[in-house]
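See structure below.
By written order: A, B, C, D and E. Residues from 1 in each chain.
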């Protein structure tokens, strides 16, 4: 923790950056901090409650954060993949941001929870994490803690869903998506959703009905998942942001598997690795095409 | 959603998104060769499979289609050299997602039909129609018609698309 | 206190009577993921009356996330309209949390202000709300500060106060009284006054609300539109509007015409939120609230300044859902506290 | 590999040596022959000459039995039986009306899942095993491969090899170590079923085949059809002119058996009219390796001599 | 509000028979925005088009929908008609109720319902059409001709004489193609060298033709009017600028036994060779596979294994170090004239689905040869200097049997088409044979003699009546060597008897197939080809020399089996088409190209990655004070071909493909709801 605060204070003092994006104690557990001075830098923390991915604040659409000047951002391994995503799609120049990587041993699902990190409270994405030390980082702080506890529940849930019949799956998703109120928190919280105007907001024509009835919810969630196919960095923010707790992560993970099994692409924090979107191989599998 | 089902047996409605250079011309060839086929398919012409967006397919189902056909040039034959390669990746993601969401496999048919394959186009049309007829009407999106009371919080759970359910 | 008591078994029987007589009963139900939702129930066993706050507020039973206003069908020059029924069969909400019931009461004002919303009031008249005093408040609850409290009766027709077995029943409105007399046999003798008072006080024990009285806040807000406190207040807010979706009192909606073919379509009303940039985007491209600070200020002002100014009561029942739902870590009580501090300290004072 | 086995009437009668040799070579080649029980005659020439329906129904019955007994392949070593089974299957596939009538006749739909296989096809599929286990390669033996007309024609029915220029038998013969000779009348008819009705034409045709094989320097003729074998071997005494050397006629399975080191008795070589002793000595003369395990003895008691077939009695040398 | 005019065509009874056109017009007339809806017998006729013009004028139509045949047939016709009446042509669309409806359905009610749906779809689309102006782009007035056979030569000469620059690329060391291998040509029997060589020299000397022999097309980018072609100049190992074709090197070459491709392996050639005496360019090529020097190098020898040709060359033109070089050319149009090759008769076949004729003994019996080999034997510049001698023992064959249709018209062998020219050249062969061997007996096994050209049938009659060729109608079942005689077993179907001939030589008239590697070239040009590999023409009757790819034309036998007269005619037609293209300064291009809305583009540049033509560029968006706001994508209308892949890939749909915008397609899909 101290190492992080000292680094932040030094960067601010040197003028290398004008603001350090990190986490600080808040009224409900930890919350994002925009430290622009030593005092604020002194309040930066890092512990298993720092679930939230701060990279969405680096998107060009966040004009207020941009106004604060050059930023440094504290990133876990999953967050670093989001930085690579923005760099890969020319939303962020790598040299315009200072990345402070933090070695992470897994975070809890709800940042406001007082519970310690345990197999029960660990975030779904953490068990089996392969990027506990982010490679894309200008500085890396903290010792490498033990591997995240617990087993991944989502592999089991996907396998269980895949084992069901098509109609059972349809009923499951219609029920889950039936709760969607189209607040688009999943979109606003996602680092990779940086469109100037989302296709769901395009009214001429209204491809995606704006109403939260099953037809609109289905069209929206299909579009969101597809637009993240091969781009999702698996940071879990969409599922955490959903006020009605729809298991959106399952859709993203399913397509992430398709991207790796079919096209050999796994989410990575190396911006040089091209995303499978917009590229192809002459011999891509086409067993499903007559 | 109030399709008049006066005919006893269910006649599926299929929308076909095809590329202008190969499958559309292949369908023309099937026409000039007078190859008789089912009349359930309506063709929407697009310049290339590269232009076919999953949004079209979802919208087709929203507007009453029971099945969708997507077809274009064989790989390496694309008039625009690579439109079908990009489409193939896009369709791969879309098919895996939509089947994970529970749409039965037979509802959407992907195929490559070249300008000289009038015969194959007929088979694609007839087979797809038969598959969709067997699956029954796509029950659309219950809850989007006039409200079924009581609209208590979440809408009433939805019957599975495969189930009969008058459309 | 013209209260009565009702045992748990009698309450179950009452529910059976109601359902049997065609009155839809809605109550908090535990969903597979452990959270609560207001859902229709057939028997009392399905309901969870002491589980705390459901996911979405009671508002969704009166102003659903989406509802059709009418369907239209064109043939040649003329247009046929299928309108929507505005009278609804009777139903009863059992186990509403007081802060939800209070929200519905607050909204009655704006829904009947200059234009009477038939759909809203159609549902209101058909519904009897039976609240249950809330013992499950957490650090984000501040229903007291908004003048209602865990055993508040605002918006409720009957208030049930949990006893050892069953509940003490407090009649709040004539509709509540009518329910009591219609099913008099189900209700027992009035409760022991002292016991009720003791339990009511017990609800308040050990509750520390994150923010004190809001009167000074309302007063201050009126004149400080450009105060520096607003600068950077919403830096961490994503502008997604999840808070508005879960809020019992947010009631903005968008009206859209959805075509279903060339000649047919439906006009629908959907929930909307002032927190998104699109909410105030003009056709010209200009947006009066272009930054998130302005939008968040609008949310605070509408609830704690504009609504009180017009209707004399807060547009917030202190349920705390917005803080719990916020992915960005925004916390309304914390903001209100900061404003209260600023109101108290006349000059300077860091936000 | 488990294969349904349809011996057909001739393999239980005049062509018993084909059955014996096949059963003997099957185990070393990793083949498990499971005889279809209750099989009946395939109708051969008499059926397809008289009634098309009969010529399809009889094979259909046998294929149905094979399917019910769990076989997806049915080995019919006799070229005529194979041809009938394959033709029936083809006829039904092309004619929906016929398929329906067969369904009524058979009481079940035509068993299209069972694929008829002939002797050459099955042996060619095991060439690598044959080369590996040919302990006594027949080096130096020159063999004329005789397909006859039923094995590769009509092309749309018997599509396992090129109808005009087949190579499958040559491949099997090469695998046994012997050398196939290039000769002309590989695909010419030997007279077939006319051996009784018009013996004159059979003599003319068969003699032309023997002469051509002999002029091509063959030491023996390999055949895969009992009909051809009987016309060339059984009738050879009547065809050979004075002073010409006789030409032994062997079934392909017998040749393969020799290469696998099996003895003449097991392969039924003693049953031939044209003496095969000289040829067997030559084969035995080559380097003997460990004797391959002979197949199970056929259940029927080994008859000493071939019963005098009625045809032989009635004719005299022409 | 839209004012749409709908015109339902009966197309005589092609549509009217199974579609109730009046009901279609009636139903569509009820749609909002449709102010005029009629049906008529022949919309594409003059009176039909007049109906459209009149309706546009009288009713002030803002859009026209013609429900008739396929847009591929008459979209251009009706757009021109609408344009003529002052309506922007791109506000006129067609609904395909013939090929996609009336012709493929019998049930009149179902076909009519479908026709109504298809018309409604296009009406809704036209309501969202926007007027578009054709795009004008500069045209590179240079043409690329691929293939230096007679078709390529003719096209190149016509183009050059028409004023266009030409780049003629030929894979072999010399131009001339298969025609240069022929002795005489039918039906006039004039010697092919005499009529071809002057043309070849004309090509060589023509100021506007850049002849690139021994070169291959490697890659083609760009689009009509602006192709960028990468051409691989294969290393000849001879410096073209120094060599004057004196032939000293060939005399000096020690390797003399390489089977000559030009002589179809009947003759021999040296390692450094010129294919034939009249070769153009007359510059030798070193065959590195057989040349002793290069074989030495291949084995890693440091010392030069041989250098005889270098020593013999007075002008030092031999250059062993020469490597393949790549040249790029900018051209406005491409003519494919790669010609044919003969079907290989033997066992191994180049393409799947093809089978050989083991039973004809080609390759095992030396005296069984194919048509081109007979031409080489008969040719004065051939291996036997024109004397007909059989390859096995060099004797004069007294009896020759010719077999027609070897490969052609034989679905079992994978080729079901007729190769069109064999009947003529076999008749020619019988004549040449009789002229050289007066007592020779020529027998021809045929199925039907197809000699349909001008003077063709008379030519085959002459072969029979004057030169005594014996035509036997029937197939040959087997050809095999019997002693020193070639036995031919056939059957005469006319008198029902088998035929057995002891011939001295057998000539097989084999099928014509497109050149090996045609598929790869077609894919490089993104041109489609049929299952045999022949290039697909745009329309068999109406656009025979064009392909579906704008700017790529086709001539000669690469499009289908074709004889010399047809190939020359087709070459001139292709040249005419190209000259038409070059005749105007700017090329008019369909305006259906993509446009980016800079306000909505987030600059993720997925579109740039998927664009096959590199039409997406970066554009900076600055505010009035000039500081950079963002960098967005921008489409160059000249380069964009309108495939629309960018729009389907763009997450926010900020790019719109004119003619197939989101609004239009949404309206089409929406119109399909009942």
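Definition applied: a residue touches a chain if its C-beta (ideal position, glycine included) is under 8 Å from a C-beta of that chain, and two chains touch if they have at least 3 such contacts.
A quick note: this is a predicted structure, and the numbers were derived from the prediction, not measured.
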- Message: Moving step by step between touching chains, how few steps can get you from chain A to chain D?
- Response: 2
- Item | Centre-most chain, if every chain is reduced to its averaged C-alpha atoms | B
- Among the chains, which is located farthest from chain B on the basis of C-alpha centroids? D
- Task: Taking each chain's centre as the mean of its C-alpha atoms, give the chain farthest from chain E.
- Result: C
- Task: Could you please state the distance in Å, as a whole number, between where the Cα atoms of chain C are centred and where those of chain D are centred?
- Result: 90
- Message: On a C-alpha centroid basis, what's the spacing between chain B and chain C, in Å?
- Response: 43
- Counting in whole Å, what is the centre-to-centre distance of chain A and chain E, each centre being its mean C-alpha position? 53
- Going through chain E residue by residue, note those that touch at least 2 other chains and give them in order. 599, 610, 649, 666, 670, 673-674
- Task: Name the residues of chain C that each touch 2 or more other chains.
- Result: 37, 56, 260-261
- Task: Mark out which residues of chain A touch at least two other chains, giving numbers and ranges.
- Result: 179, 199, 206-207, 209, 211, 213, 278
- What residues of chain A sit close enough to touch chain B in their complex? 161-162, 166-175, 178-179, 199, 207-209, 211, 213-215, 218-219, 221-223, 225-226, 229-230, 251, 254-255, 258-259, 262-263, 276, 278, 280, 282, 284-286, 288-290
- Which of the residues in chain E come into contact with chain B in the complex? 70-72, 96, 98-101, 103-107, 110-111, 113-114, 117-118, 121, 523, 526, 528, 530-531, 536, 548-549, 592, 610, 612-613, 641-645, 647-649, 657, 659-660, 665-666, 668-670, 672-674
- Residues of chain E that touch chain D when the two form their complex: 355, 357-359, 412, 477-478, 480, 482, 487
- Item | Of chain C, residues touching chain E in the complex | 74-76, 259-264, 285
- Note on the structure: Contacts from chain B onto chain E in the complex sit at residues 2-4, 13, 15, 21-22, 24-25, 27-32, 34-37, 39, 42-48, 50-53, 56, 59-60, 63-65, 73, 76-83, 86-87, 90, 114-116, 122
